[in-house]
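Shared between the two complexes below is subunit A, which has subunit B as its partner in the first and subunit C in the second.
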Partner chain A sequence: MAKYILRRIVYMLITLIIIATATFFLMKLLPGSPFSSIGAKLTEEQEAILLEKYGLDEPLPVQYAKYMVNMAQGDLGVSFQYNNRPVTDIILDRLGPSAHLGAQALIIGTILGIILGMIAAIRHNTWVDYSSNILAVIGISIPSFVFAGLLQYYFAVKWQIFPPSFWEGPIYTVLPTIALMIFPMAVCARFMRTEMLEVLGSDYIELARAKGVKSTSIMFKHAMRNALIPVITVLGPMTVSLMTGTLVIEQIFAVPGLGEQFVRSINENDYPVIMGTTMLFSVLFISIILIVDLLYGLIDPRIRVSGGKD
Partner chain B sequence: MKRRNWLLLLSAMMLALLLVACSDNGDDTNTDADTDANQETTEGEEKVLRIASTSDIPTMDPIMAEDNVSFQYIDSVYEGLYRVAPEGEIVSGIAIKEETEVSEDGKTYTFHLREDATWENGEPVTAQDFVYAWQRAINPDNASYYANALMSGVVKNASEIYNGEMAVEELGVSASDDYTFVVELEVAVPYFESFAAFPTFMPLNQEFVEEQGEDFALAPENMLTNGPFKFESWQTEAGWNLAKNEDYWDAENVALDSINVKVIKEADTALSNYEVGELDRVTLSGSQVNANATHPDFKSLSETSVFWMKMNQNSPTAGEYMQNHNFRMALSKAFNKQAYIDVVYGNDSEPVNFFVPEGFVEHPETEEDFQTGSDVLAYDVETAQEYWETAKEELGFDEITLRFLSGDTDVAKQISEFMKTELEASLEGLTIEPENMPWNRQLEIMRDQEYELAVSGWGPDYKDAISFIDLWITDGENNDVGYSNEEYDNLVNAAKTELALDPVARFEAMQEAEKIALEDAAIAPIMQRKTSVLAKPYVKGMDSLNPFGNHYSFKYVDIQK
Partner chain C sequence: MSPVLEVKNLHVHFETYGGTVQAVRGVNFELNEGETLAIVGESGSGKSVTSKSLMGLIPRPNGKIVEGEILFENQDLAKLKEKELQKMRGKDISMIFQDPMTSLNPTMKVGKQIMEVLMLHQKLSKKEAKKRAIELLDLVGIPFPDKRVDQYPHQFSGGMRQRVVIAIALACNPKVLIADEPTTALDVTIQAQILELMKDIQKKMNTSIIFITHDLGVVANVADRVAVMYAGKIVEIGTVDDIFYNPKHPYTWGLIGSMPTVDSQEEKLYAIPGTPPDLLYPPKGDAFALRSNYALAIDFEEAPPMFKISDTHSAATWLLHEDAPNIEPPKAVKLRMEGMAKGAGGDMNGDVNNE
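Right, the complex of A and B next:
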């Protein structure tokens, strides 16, 4: 097991280096320069001075080598759009709210989704199943900003139960969390329902029933655990995207999160921030994949990562 | 049983993560509470202005600022030689305006500083602080855009220093004593007093700035300011609080106790916050303007930004057509400017036929507005068609396709679609092909002058018509339409040189120059923009926008409930 994890970590590092390299060269292909936001007013000499200041006048391979060495030492450089602010500070400052919001939405959404899916499967083909299905379809097909807008309008502006926006305490997280959790909830409910139905029809459940195992025990101990596999597969990537911020929800509720930063840094050719956010995303993504792989084994003993060799 | 514990452990870990995130947030709320507690209450209820900003502050380093948000808050916490008061009037700041001496040739300004102005730490604000700040601004190592744009060719030796040919100490600024600041100019610059109020030229405390090094201005504790307000807190992308600076020399005339700014990027969210009473004032955008036009709190404020359509005479593809006067006249008069505003902005911006904004500068003697109006380039389809037919004969074409460069945002696409519909309907044989590009790419194309048609605008950096008039001088830095007229050039050069000390003749020369450029249809003016806001009636002193630099002067804003 330890060997397996070690090997995976080595692979992860190699993947990260490849991602960093590809991002570095691809982002240099973006049109424009980091200093064109102040527009046509900048003369060519001024731009030359700025390029020199940030080391952008050097040949690409040199820039690349410097960047990789600095990154290995944990220095992601300074932002262009926010004069001199270190990229690590920008990311860390803004990761907090995004991660908080994402985690809250994910946990509540997943739990509700699983419950909803299970109930639907147990009460298969009844009104409970149908309404849960309708809910799931709505949750998947309607984009979250529509919910966000509706929630904000009714709960904040019209009835004034919750504050319309900002990030100043638990009460402020309620509306964005609800808006954000609907999608994971719907996805989980759907997967859970389908899988549960399949699992419930399988031989070993029949056997358990025949042996006279209590039905709650069948549900939770045998059926749910196996049905969780596909749910966990989709949850992995979703965790990353939810926790690194969702542009629209953050903008609507004025949450100072990371989602918008990534988009804007690309628009403004803020190279260090593009690299920083991409690397953060990649690290999280790759780690989550590893965790998911390990979780498979824990949840379903039929899948064991260590295999026969070790 | 054992395996279920694993699941429990996992949930526990996730919960822990949640709590960690929560406690981070808890800290944020604490700082807010502290801020409130620190504010001194002078007369009963606290006067707090609560507003929104569409972005975080890109920089609080005065010399690096180049956007309105930075300008706004630098102006609030710093004070330069002069300051801009409501209605665009330039008034005394650290320098006493009435005592300023200007040499006869207009090239030497001697500013006398007040002796009661201090930094937050109690040290006096001296002439050396200005010398240091101005030298720091022009230092090429700092690559300040505005220092070069405003100082080069104006302040003595500035361009040589910026190009690395001279040491910063050679800059034409000096302190003859602690409270006398002398500036030597290359040429007489009639609008130099605007510079004295511009954010780039704020004084800085050398010892403090050098001690901070790279951290300077990154957070409230990395700033040392001297203005009417000071930073209490600043949370990246969330917002910031300013509190009145009780030690400011003119503190008795600062009405607000604090300013509370929240970053809100979504216009509808800002409006919702206004409606529930979380904000005192909100800027409207897009369809919000029309939807709220009858709201009792609705106001429209004139900007000094003017927009026009550019017809590129240097275009490698359509240049030969664009160089034809009749061709340009036809294009300029063929689209409905009011409809443009209705479709694109939906607010009460003014359709205009000129390019130096209205309500910007006045005649030095009669105080009449620079802008007397013009209808040479007014919307008039019939006349446009006459010009068009003449152009067809002169250039020998029946059908032509022109490319219209625009951005890839919704608004930019509306602009190109609108222009296509209007121009094609008015001018027979014309096809407009919209080219929608990301902003950065668009700027590159404009700079390389490879576009054919495009819409663009200009806002001034100082209060003088030359900021606009200078745009279309032959081979000028910002002249990307390829316009060239000797008579125009002569008038503009005269205004910049020999007429510098004759305000009336200079003013009239610039008016004449604008007339020539309009008759030549150098560009096709569209509109002078307005900003629409909703503001609670108790917010006073924010009823007009400053003509340049920061939009408002919070020093003069009041809350009268």
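Right, the complex of A and C next:
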């Protein structure tokens, strides 16, 4: 097991290097220069000084090599925009709200989705099933920013139940969380329903019934675990789409999170912040995939990895 | 001897989009203590539905017992509520399924699946249940039961899994065990082992077994009595000897005639012509009449009643009516019957030879 995890971590590092390289060169293709958007007009001379200061006058391969060496040592550089604040500082500052929002949406969405899917499966072919199905289709096909706008309009502007934006306490998290969790909820509900129906029709459930096990125990002890395996598969990609979802949702609700910062940095050609944020997202993505793979083994003994078997 | 289980005029229907499927259309039989009753018939003849309705396991809400009684220990199982059925299932009546590869929960330890029944019905503590689970695994012939108890189904072979399923079924010493084609999915060598195991355990526990199969070889090996089902009805019932040496119903003739033997002289295997009737629209009269060479005019008008041939043997065919012409079974079937009578020492008296 330890060997397996170690091997996976090596692969992760290779993936990260590839991502860093690709992002670095792609980012340099962005139009404009980091200093063109600063309010005051710079003379050519001043701009040259700034470029030299940040090492942007050197040939690209040299810049790339320097960046990679620094990053390996944990130094992500300083921002071009915020009075030379280190990128790590900016990211750490912004990480809190994003992580909070993302985790809240993912956990609530997944749990609600699983419950909804199970209820739909148990009440198969009744109005409960049909309405949960319609909800799921709506949740999957309508993008989160549409919900965000609607939620803002009705709950914040019209009925004034929740604040429309900003990030100043638990009540502020309600609307963005709902907007963000609808997609994972819908996906989970659909998967869970299909899987539950399949599992409930299987021989081992009939055997459990023949043993005299109560219907509720059959649902939770026998069926749920087996139905969860494919749901976990979608959990990985879903988390990823949730992260990209936060980019838009944070803009709409003015949440001071990473996503909002990321979009702004791209507009401002703030190379170190773009790189730093991209790397953070990548690390998260790759870790989630690893965690999902390890989760399989926890739930399904057949997929459990045996150490050292190559 | 009073019967353990008595089924009277059982009718089971399924509501489908196409209409009502009359899967079981008036089944009567009784099961005595310690005996093995084999129910044989083609796919779709209603054998499995009959056995599942005994346990209240017919898929609801589509399937329903519309008529009839299932008498077990002074109560009618057909009228019990789901809650009461749950208490009975696994304790008084339990079941072995056809495919051991899919009938165990893949994400639950084998021991836990056995312990579940014990803790549910016998209210054993976790520790006691585990001890008993190990004993049961030992009883069904699984080596190293104390290690195996903590393993998952995928670590067992097909035959071993069927042994585990048997252990689950026997955990609470049920009075009736329903085995729904328990050997069909297994290799022939493993089949023989599982049959031996079941016979062995039956002797030890005095369980009554309903053995559903379409393998007449297995029937000859395990059964005391045989019920032949066709189109949702029992068409002939009797002891093994009655059915194999003195069959009266043309359908039973067909079944026996289509059984291959080692010393078959004909090159072509006999098959019953035609297909079973559509139970959405069961035919008027005798359901087998259309496929039978011996059908009488009345067969197309009125369903035959059960005619008693001896104390143990009866069959539902108009051929047994006193006005019916005297018809002998076809030659191929006669040859087969004679062949079996000659070779009877092997299969039929297997028990005697073993002792």
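In this section, the second predicted complex is superposed on the first by the 292 of 310 C-alpha atoms of A that agree within 3 Å, B and C clash if a C-alpha of one lies under 4 Å from a C-alpha of the other, contacts with A are read in each partner's own complex, and residues count from 1 in each chain.
Basically, a contact is a pair of C-beta atoms (placed from the backbone, for glycine too) under 8 Å apart; a residue touches a chain by one contact, two chains touch by 3 or more.
Just so it is clear, the model here is predicted, and its values are computed rather than measured.
Asker: In the superposed model on subunit A, is it clash or fit for subunit B and subunit C?
Answerer: Subunit B and subunit C fit side by side in the superposed model.
Asker: Report for A:His222: first if it touches subunit B alone, second if subunit C alone, otherwise both or neither.
Answerer: So A:His222 only meets subunit C here.
Asker: If we overlay the two complexes on their shared chain A, which of subunit B and subunit C does A:Leu29 touch? Say first, second, both or neither.
Answerer: neither
Asker: In the overlay of the two complexes, what angle sits at the CA centre of subunit A between those of subunit B and subunit C, given in steps of 10 degrees?
Answerer: 160
Asker: In the overlaid three-chain picture, which partner chain does A:Ala156 touch, first (subunit B) or second (subunit C), both, or neither?
Answerer: first
Asker: Go through the superposed model and pick first if A:Ser202 touches only subunit B, second if only subunit C, both, or neither.
Answerer: second
Asker: Which chain makes contact with more of the residues of subunit A, subunit B or else subunit C?
Answerer: So, of the two partners, B touches more residues of subunit A.
Asker: Just checking: does A:Arg302 make contact with subunit B only, subunit C only, both, or neither of them? Give me first, second, both or neither.
Answerer: It touches subunit C, and subunit B stays clear.
Asker: Considering only touches as defined above, state whether A:Ala2 meets subunit B (first), subunit C (second), both or neither.
Answerer: A:Ala2 contacts neither subunit B nor subunit C.
Asker: By the touch definition at the top of the document, which applies to A:Val213: first (subunit B), second (subunit C), both, or neither?
Answerer: second
Asker: What's the minimum Cα gap, in whole angstrom, linking subunit B and subunit C in the superposed view?
Answerer: Shortest inter-chain C-alpha distance (subunit B to subunit C): 9 Å.
Asker: Do any residues of subunit A touch both subunit B and subunit C, and if so, which are they?
Answerer: Of subunit A, residues 221, 225, 299, 301 contact subunit B in one complex and subunit C in the other.
Asker: Which residues of subunit C touch subunit A in their complex?
Answerer: 55, 57, 82, 85-91, 94-95, 97-99, 102-108, 116-117, 120-121, 152, 154, 165, 168
Asker: Quick check on the complex: what are the subunit B residues that touch subunit A?
Answerer: 3-4, 6-7, 10-11, 14-15, 17-18, 21-22, 24-26, 28-29, 32, 56, 58-59, 61, 64, 66-67, 140-141, 143, 145, 148-149, 163, 214, 217-218, 235-239, 262-266, 268-269, 272-273, 275-276, 278, 437-441, 443-444, 446-447, 477-478, 480
Asker: Could you list, by residue number, the parts of subunit A that touch subunit B in their complex?
Answerer: Subunit A residues touching subunit B: 30-33, 36-43, 45-46, 49-50, 53, 81-85, 89-90, 93-94, 96-97, 99-100, 103-104, 107, 149, 152-153, 156-157, 160, 163-170, 221, 225, 251-254, 256-257, 260-261, 267-269, 295, 298-299, 301.
Asker: Considering only the defined contacts, which subunit A positions touch subunit C in the complex?
Answerer: 202-204, 206-215, 221-222, 225-226, 299-302
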